[in-house]
Every structure is written in structure tokens, then in C-alpha cells.
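Order of writing sets the chain letters: A, B, C and D. Residues in each chain are counted from 1.
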């Protein structure tokens, strides 16, 4: 660690100099911290920046810029090889507090104190590159999505290892005679090009294909996953794309729709096989059926079967109907649907089938008997209509994700791992709707799907990819659909959520992109989303470690494993640098070079706490830098105002807040502590998925600590703050101030 | 891969909405130089104007902030705002793109202090709020604007006030003489992420959007519900500022209609479910009627739909309303046939929200630039011009998540053209 | 004054009886607006909108085909009519002949039986569209010598003048279906004041159903009368002969059924124009053919 | 007539729907209906009609020929064309209803025989066939008296003041009906058209 040569710059522009005494601030730096200090009235202007640059030439390698929010002017206050610490005087002090008041001045001075203290405790991280990296991308699943991912990655110059469980490539796509249209004018079924794709992949020198093979286990981390295969071989790969696809819902459970009752009731997959063979015949007697009925949502959108919509079945039935009509122009086709779902440009496909004379009936099929008697409650005619003379029924069965390998039995998992994994599986999509009635639909609690884990990750937190509802290992993000809690592993295609071949190909291409990015990031030692580019890595000093395992259990990304001796061991490239481990550690032994419990603790203590007589309470606000902190900035941008008693410290995630900091703050005389973070729970909005939820859980235990200090529980508050809460924030803070006023000053003041 | 080395390894992304940002940052974080062209003064596009996303009801600005942080930290991303493509020449790996930049009248050294705003009286329409409210003629597009720089409206130029505003800026950041300029970029691949425009509701003449104040569009609803919108997040009747007691949400306003947009815009059903949630969250006793043809809540979004439908204050009416008449008190009266009961209805509402669809922006603005489009104006792959790609809604009617998927895939395609 | 433009004119059956006053007043004002009408020689009934119920599709089309074929003899490019129903039928079949080669051949096979033919080259247009797109209201205002000041007029367009063609390219795209402005502009040009926001502007009067089963449609007419009366209109103005007749003759029945007192004259815009042009109220404006009192309207023109 | 639409033998038998598709002007677009309800919702007499156009179209798909052709929907169309301009699937709704009414008449469905509109139309057709033009006096008389003298007189009395009014202001002229000079030409054309119409395959919209 090189020694820091630090300079402090105070900017008086944008109204700062009009609202607070710059000399007062300078005095703080010079007399309290003995650091050199420069005031400029336009620091981000050419002259100001020139001044800084000339200091850099003179040898400073660290600086504190007390000016605007760190969210502003980031490009201008970026200097190679210099660590820049920002103190927010503009948005969070002068724009949100009255000018030339004592409280505003005190707030500004404390912000400078905290920033200079932070500088003293922080050094710029350097890349830590360890081990040999592999640039090979492993794609698991050789169906349409997997083939596409492999093909696209190879096209970008990367070597690919494609692993397929079956003895041939193509997966479900191979059964498809044609596919739904993805090219304009979107009117007719398109040729299935999977055979071409298989050929391209098979002939690509960059792609190695392993067939009849599964992954036995996966250990390591992005850049260097070590994968053992069922054939006994082993290989190191850089990133993984899971494209294990789907299987049709078990029609054997659809007896009420005649499956298994009449052999002329077939599934859409079985019909597809007939279309591929080019021989459409009803199973019972081989006759070409003259009247065919498609039953939509067979097992989908059904609380007793698949509660979700399988998305593609409407389009598939339309496609099959058109193909049937093409083969036998006189066949009569009915599609019985509840909601016809041909989103986007697929609406044109729907119109094509109407034009071709396919009859659409809205209604619910109650029962299909052995002689194919069907009674439909026709929603438009408002009557029950018996359909007679039906010669074949096609059940549009839905898609079940292959999120496990159901051919193999699940391995034994200890109770702790099971609990960790099951906690991810929500029994229903995690949505709360304000004002809506309680969900009357009760579903049995979901557990992990049967079967062996696809990757069998040798992670402390269990072998599976975390799954959302219904066994889909999807991302919970809307904005970042590839980001999951297993770094370097990307899920693509219908295993992620029901999708057609067009969307799956795009999804697989995106997943290949992310896999390449993960490999490059690992090689440079930088973090992936959301702290992309971050070089800092948690360092664990094992001497004080009590092997309590909190860090290994709480890490949202399963980045920390345990050694045989039970010590935590960080897998650097799995880590997303949220600091949840740091927040978890009861002995404060986990730290980053630029982010430590000690650093935040020192910043807390750097604030001047007025004594009781001054009647100026102090509130510590530990705020999520991703959402609450920008919201506080926007309070200033909108020129709203909040209490000047608050001292704000941004944190990477509330998950990184160690509860010891809370007791530290209270023991030095803060009257209260407010933690501002993202929404936890089922529909969490935390960028580190579990961080704010973990913080909430930890905080539920804080009252005991307070009790032991003989302090009131009301002194600590966790506030759920979203980035859009700038208008509400001043009120949230004010009401906390009110609470603290009623509780009275902290008796620890002045100790 | 190219037969020979591409002459430029830079990727140009046209459009700075969620798709363009995604393509740009994914490519940049993989190590490529990226240039973003954005037509408006700030990145963020349509999603910045949304209050929340379905189905999580989370705020789009949350993801935007992360993306902006990623861009701030990444020196490989260059942004040109107020810029559009004027011409493209060349081929995959070697394009010369002529960029037209319209004047912002504010130089890059703006500190966003806001003195200019306080010095100006003139009001102009605020496009960020879909003209629902005015703003001053020197303005920050919104509080999350990125880059964080002010803009002078062209209407101010040449007025006496303009000089006043210029004088108010202590950093000499205002350039009233700025002119439209063009410059060339040399790039190896181009990704169109030009997004969408809401379909012009006034063209759906039976719905009398132009005549009834209390008939609004779904994008306007987003602004009404947004804390930084014209009503500070309170959903109120535009005619009188009162709380709406009964609200109609009308699906397929312009979509799935040969008179308007023949395709389904995919997002509107779920967006209306979200609007029902906004309303129910704000007003415990509001009644919400959703008029629809088919509810298209694919995959697990079905659960969100179920939750809304199970709300006893929300009614689903399977009907495409024929007309919205002007009621006795100038309130909207929705008329049509309930197709499940054959009842001919005629219901007065305090507020009607038209779920207008998405129209690709590129097709509307047209251009001399030759890209391959389908009949609807969505940009599709062109075998004759293999270094040009599309992402997000420029490529088809997609929701945000699918747009990001599409944009991530487009990043790889672009990289393939330049690596 | 610029040279007159010649149009082939199809009067339609109503021009001979219930809609005579439309025909009379149009023939009075149009020459002043530079529109010269040349009637189709020996025209026949177009079959009108529901006329094909007995005969079916082809015979009805054939009626129009004969008219078009004869109109072609005049040598003008446009075939113009003032009757919405005639317009609808003639425009529709003309477009069918233009766009569908098979149909064109079929029609010509039929016409050949009487040694006639038609190539689909005419453009069937409504007189209102001509007035908006070709003539322009400036021309009308130039001719106004006695503006109908103070006269409040409910502009009632009805259906078929606009629908289904006014918004189409071949229909001239001269107005919208739901909030059309042209008639209000016509009224304003005469110096009278059109009712603002007349909501029943494009409501249906019941059309042919009213002619035979008024009991089914009296409420439709009552809606129109009610709003016009409530807004103190002195008269209702329409471009459609059937609308004019329906809304006029059924006022007694409406009054009986709804216990109302409506007695509001229903006129054509061309009658208002003739008056404002200072033309003869009887000979040119055919005001005497109104079944309801029009003294006030005539008086408005006489004020100057 | 040599062609009559088939009577389906069971529900959702497509024979009638297909016939409509092939033989009705605009019937080919009927298949595009997605049951959105805009047509019925736009109809000025929507509340008066038993089924309305949308349901009628579904009934055609369901093979409910008798119910369709007996429906009063066919006779209550006021030809406002709102349905036509608003239909999102470009189905020529009013045109199809008119054509179906023609079929109902031709095939002798009861509703068609008694529907007032149809009686009026009969008179209308009679007039133009004889004279080449519609003479509203004769059409009215034809209409009033086609159910017999007594009922005709009753109707005539109900409408008499209207007719008298017209006569008074000269909107129902005295004298012989207007007639064409070339009536033979028209008759030839109509005969040819009727002959082609009777052939199973035909063109049109």
C-alpha cells in the first residue's frame, strides 16, 4: 500500500460559497486534519481542473473534492492514478438547507470531516489477478437455444464446449416441422432451420460438442470454473450458459380433456411429430381427420396444473392449424381458447389463420369423452354448445422448464442448503398489488423441482441456480434480465421463461454476450454488474475469524465457500462487491481497501456531536448509494429541504451495514440512526437481491443491543426508500426527528 | 468476423433509451468503444417517463441510475445528445456516419446550478410530461437528466429574455449563437435503438381524445402518477383537478386495428393492469373498468393479471368500446357492446385512459438513411448491409425486459462486426 | 372569376320528389361558385343502399354501371352527386370496378347486353367534398350579400355523407367521421352561426328504417331535435335529403310519443346559401318546400 | 334461383359459413372478425336488435343458419356505416348484413317476409324495375297495400298528413311517374345481371 499524499479542494460554486462559510470549512481541513486545502469558485471549470492537474503533477495521489454530489461531474473529477473522494456540499447541503444558518454550516463542516476521514482510511484498490483463466464458454444443452449461444459465441472468436445430455443435437426443436414466423411479413410458418444450425455448430472448429454427457459437478468461479462431466472428463471453462430448454407438460394429468381416454386426443407435440413425418392420421384408425379441435391452455393457466401462461401455445396451434389446412384443405379446424395471445407482430399470424378459415371459439372445455364428444360453453353465443363429429383433438400443452435433470435423482442436500435454496422458490410470482384483494387462489407451497441439479455447483449455498416461481431460474430484474445470483452463469431460452424459437435465439445471443463479458471481466479482475469495473475485493483476515459462517450464508451471490477447516474463502470473480459479508461479520474482519467497517466507523465518529444543551440532535443516515442516495440528491435538485440534523453516509448496500456501526453511533452520542434502503421481501428492489432483506433481518435483532445499552428501540429506523421518493423523503426524515425529540436526547452524549 | 480487419472498431448506437443504453454499456463493459447518439437532451428515453414497471411496480429510474453509474465509470462510452443520424456511408466495419446536432445553447461546462431557470419567465411546453404542463424556457429535462446539463428552448433565442438568461449564468456556459452542426463519425457497426412513439390518440377519432379533457393516454397516465410529474404523483382529472371516482382503461386503442396499428403492441394489457394498481393504491374506493379484446399476460405475468382481476373494485369487460361520447357535463361516456352478455352499455367516467400502442420512432420520422424495415416500420436484419442491427422496440413491439434481451443480443452482433 | 369547372351530375331519384329543394337550391348556387353541372343523360335509379335486397348484388351494381357508362359520355372526369345514398352506392361500385378486374369484366359483360361499356375511369364524388376540396369557402363568402346574421343553425350531417368514404383517399379525405367540421364551416360562410359542439352532428336519423318503421327510430330523431332545441337553434341544416325528410316529417310523431313541442325547420346548406347570396327565396332557395315554418329564416336574410 | 345456402346439420358445421364466405359480397372478410364488439356497440339500433352484427357473425360460424336468417338484426340496419369505418379488421359489416337480408328474402325466411323494411324495399325495387327510377308515391302505395287493402288503408291513414304535406309543397309531384327514355336498355342490363348472379361463382368485392 503506497502512502497517500492528499489534497482537499473546496468548491464555492453553484451557491455553496453563498450559503456556507468557505473559510470555516477550510479551517476544519487545515486545523483539524492538517491537510492542504484549496478553495476555488468553479472547480469543475477549466481553471479549477487545471489547478488540480498541476497539483497532481506535483505528486498528490489522493484528493477530497468537496463540491457537488459524486453523481455529478464524475467525468471531470476523474484523474488517472488518483483516488478521488467526494464530499457532497451542493445537493445534500446548500441546495436542501437554508443559507447562512449555523445548522447548514455545521452540516457542511461535518461532510468535509467525514470525507477527509474517509480518505485517511481508504486506498485505491488494485486488480488482483490470480490463477489461469480459461476463455472457453460452456453451453449446457444442445437444443435451439444452446446451439445458438454456441454458434454466436464462436462467431465472436470464443471457443465453446457444448454439452448435450442426448446422443444428438437439436433438442425439442428437432421435432418441429416448421416454426412460427419471425421474419416479415409474419404471415406463414417458416422453415425450421435447426438442422442448418446443427451443421454449422458441428463443423465449427471453435466448438467442441460432448453428446450423451451431463455435468457431474462445477466448482470454481467465472474465468476458472472447473467442470467434471459424467464421462469422467474434466475441463476448466470461463463462463457458463445454461440452455436446457423445456419439456411438455405431462398430458397424462389431463384425463378430463380426454388424454389417455381416447387415443385420438393427442398433444401438440405429438401432432408436431406427425407433421414432421408428413403423415397426419388419427391414432385410432389411421384416418385423416376431417374435423380437428385444438384445446388451448391445456394444463396452462390452471391452478391445478401450470399456473402460468406458456406463451407460445396460441401461436403453435395457429401454426399447426395452417399446416393441417395446407396438407388437407378440407379439414375443419376449431381452436377453443380463453384469451388469444398472439402478442406483437404475431397478430398477423392470427389473421392468416382466420383468413385460412380456422374457426376460433372462446370458451372453456369442461370435458372430452372417449368418443370425442366435446361440450364448450361458448362465451360469445352464451350457450353450451356440443361439438359433434370431431375426429381428432389436439391439446395445446404448455412448457415446463428443464431447470433440473429429471432423468437423475436429486442428490442429498442437508437441511441448511435445502432451506437456502427453497427460500428462493416463491410459490407464486412475487408480486404485491396495492389495493388488490387477497389472493384467493391457494397453491401448494413450491419446493425445488425433482431431479438432479444441472450444474451441481459445489457452492456453499447449494448446487442449484436460484429459481423463481414454478422452477424458472429467471432473473428477478426487469432492467437486467441476465443478472442472477450466480456470477458467470447465464440462463437462456425456454428454461428461463416460456418463449418461442425467435425469442430464444435472441435470448441465447444475449446470454453469449454476457458470458463473453464475464470472461473478460474475470481476466481484468473487475466486477460485473452492478458495480461493473470495481477492483475492490473483500479481504478476510482469518486470525479473528470465529468461523461463524454468517458471511458464507448471507452472501447473495454464493461467492464465499468454506475451507475444510471451516474458514471462509472468497471466490473473487463470483463476488459483486456489495459488502454484505462485511456487514455480516461480527468481528469486523472483512474489509475492502476502500470500504471497511473501520472507515465508516471513523466517519461516524468524525462528526461533531453537540452536547445536550445545544439542543441540536444528530441523526446518522446510512443510505443505499444506488437508490436512497440519488433520491436525497434529488431533494436538493428540486430545492426541497430536509432536517439539517442528519449526517449522511452512502453505503454500497444496506447489506454491507454492520450492526456494530449502529451501536458505535449511539455510543458516541447520535440520537438516532436511520437506514435507508431498497424494498426487501418477495418483490425486492435491491440491486444485490438479498442485501436489503438481510439488513432488515439483522435490524430486527437490534432492539436487544439497544436494550443492553438502555436505549429506546425507536432510535433506530429502517426506511424503505426508492429512487423516486425524493418528494417523500423530507417527511420521512422529519417524522423521525419528531420521534427522537419525543424520546429525548441520547444519554451517551459527551461520553 | 470480417475477412479483413475492420477499419473501425467503434460501435455506434442510435438512441439513448433503455435499449440503446444497454447495447452501449454491455459492449463497453466487454471492452469496446461505443458512441451513443441521442435525439433529446438526455438519456433515458421512454422509460425515464414511466412511473413504474410491471409487474414489480418498481421505478424505471432505479435501473437507469445503475446504468448511468456504469456509463459514468466507463471511459469507453461517448455520448452525443441532441444528435441524429443524417447520413451513412460505407459498409460493415467501415462506416462513415454524418451526425446532425441541434443546438442546446448550453455548453458542456454547465454545472447544472439552475441560475438560468430562475432568470427566465418564458414558459414552453414540456415534452417530458407529454405537454401536460409547462416549464421554463431554460430547463433541466428532469431531475435524473443525464448528462446533467441545462437546455435552452429554441423559442427563447432572439428574445430579450435570452440575454437576461445568458447574463444570469456565472459560468459563461450559455451560447446563444450556437448553430446546428454536422460532423462525421467513423464506426464499424451501427445499432438502431430508436425506440417508439405513443400512437397518436387523436387519430382514433371515435374516442374523441382531442375533445375530451378527461380522456388521456397510458403514457400520460404514467406522468400523472409520477412524483415528478405535473400533478406530483396524484392521479387527478385533467378537466377539474378532482379525484376520479370511476375510471375506464381501454385496451387496444389503436393497436390490433387495420385503421391504425395492425400489430399488437404487447405491453398495453399489462400497463393497464399496472394503472389499475396505481389507482387502487391512491384511492381506496375508486372503481376501475378495463375494456379489452384479449388480455395478453404471457408467462408469469399471468400472476399479475390474476391479482388485478381478483380485486373486487376492478371489472373486466370484454369489449372494444365503439365510441366515447361527450357527456352532459363534458365527461367521457364510453359506449359499446359487452360481448359476453350482449349488453349495450353507455357508461360515464371521471377519467378514461386509452392504452395506446407503440409505433416505431424510426418509421415516423423517416429518413434518407436506408435501413430495411417491415411493413410496420420495425427495423429488420438486412442481408445487404451486415453491419447494421436493431435493438429493442426499434426491432419490434417488446416490453422492457425483452428489449434489454434484444439490446444485449444486438451488442454481440455489433461486436461480431468489429472485433 | 376563374373559369367554370364542369362536372357530370347525377341527381338521383329523391331530387324528383322529397328532395326537390336540395336539387333546386344547388342548381341555383353552384354556378355562382364556378361549378357547372352536366346531368347524366337518361339516368336510372342507383339502387340506393338497401335496394339490392330484392335483386342481389349484381343487378344493383349493374344499375350503377349503366349510370356510370352513360356519365362517361359527358366527357368529364368526375361523377358528382348530392345524395348520400346515391354517392355511397355509386362510389362503392365504381371503386369495385376500378380495383377488381374480374368484377370489371363481369360488369362489362352485363353492359354489353345493351351495347354499353364502362372502364372504371370516372371518379365518383360527393358534392360536399367538391365544395371543400375544389371550390373552397372563400368562393362562397365572396357571393354572400345578405349574411344570415343572428341565425343559429344546428349543423346535422348524419351518416352517409361522411361514412364510409369521407376519410378515405378516394373519398377525398375531407373530414373526420366523428367530429367533422365542414358543415359548420358551410353554415358559417352564410353568415349564420353554427351551434357549438352539436353532439348529434353525425348521429343517425334512422335512415331507411325511419321511412318504414318510425316507431323504432323516433328516439334517434328526438335526440337530434332535443339538442338542437335545447341549444336554441333556429333551424337544422343538413346535406342529406333523407335526413332532411326524416327529421322534418316525423316531428309530429316525436311530439306525440315524447310529449314534446318540436317545430324546427330542417333545411339544406344550399338553401341557406341561396338566401345569403340574395337569391329568390322561392325560385332559388325553394324555401316554400319546407313543411315547417321558415319565416324567421327568410327574415334573417331580409335584414340587410 | 339455382343456388340456396346449405342448412348445417350440426353446430359449428362450416357449410353455411363457407357458403357465406363464397357467395356473399364481403363474406370472405367475415372470417377476420375477432368478436371485439365495435360493430354492435356502434349501431344506432344496437339495443333494438336481437343479436347485433357481432353475434350474428359468431352464429354464422356456429352454423346457426335459421337463427341468422330469421334474425331481426338484418332488418334493423339503418345503414349508418359506423360499423364499417370502425371495424378493426376491415369487415364490411353493413354490406354483409344487407346481403344476408337478400339471402333471407330469397330463401323465404319468415322474418324477411314480414319485415317492414323489406316490404318497403319490394316497392322500391318494383318502382325502379318498371320505371327505371324510384317514384316515392308509388313506392309508398305499393308498400302500404302489399299486405292487403285493409291494412294498407290503416297505414296510409297513419302517414296521410305527411303525404298531404308533401303534395302541398310540391315534393310529391302529380302526374305520371318519371320514366327513362331507354327503358329497354336498362331491362337488358338487369336481365343479364340477374342471369350471372344466379351462377354459383361470381366476383365482386
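One rule holds for everything that comes next: a residue touches a chain if its C-beta (ideal position, glycine included) is under 8 Å from a C-beta of that chain, and two chains touch if they have at least 3 such contacts.
From a predicted model like this one, the values you see are computed outputs, not experimental measurements.
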Chain at the geometric heart of the assembly (C-alpha centres): B
Most contacted chain pair (by C-beta pair count): A-B
Chain B and chain D: spacing of chain centres that average the CA atoms, whole Å: 49
Computed distance of Cα centres, chain D from chain A, in Å: 63
Distance between the centres, which are taken as Cα means, of chain B and chain A, whole angstrom: 24
Sites on chain B at which at least two other chains make contact: 206, 256, 318, 323, 339, 342
Touching two or more other chains - residue numbers and ranges from chain D: 34-35, 54-55, 82, 85, 89
Residues of chain A whose C-beta touches two or more other chains: 340, 380
Chain pairs that touch, as defined at the top of this document: A-B, A-D, B-C, B-D, C-D
Partner chain B, residues of chain C touching it in the complex: 176-179, 197, 199
Chain A-touching residues of chain D, taken from the complex the two chains share: 10-12, 14, 17-18, 21, 31-35, 54-55, 58-59, 61-62, 89
Contact footprint of chain A on chain B as seen in their complex: 1, 18, 25-26, 29-31, 51-53, 55-70, 72-75, 109, 111-114, 140, 143-144, 148, 170-171, 226-228, 232-233, 256, 262-266, 277, 279-281, 284, 294-304, 306-308, 310-314, 318, 339-342, 374-376, 378, 380, 396-398, 400-402, 404-406, 408-409, 411-413, 415-416, 419
Complex contact set, residues of chain A against chain D: 332, 334, 340, 350-351, 354-355, 357, 359-362, 378, 380-381, 385-389
Footprint of chain C on chain B - complex, ascending: 205-206, 208, 210-211, 323, 325-326
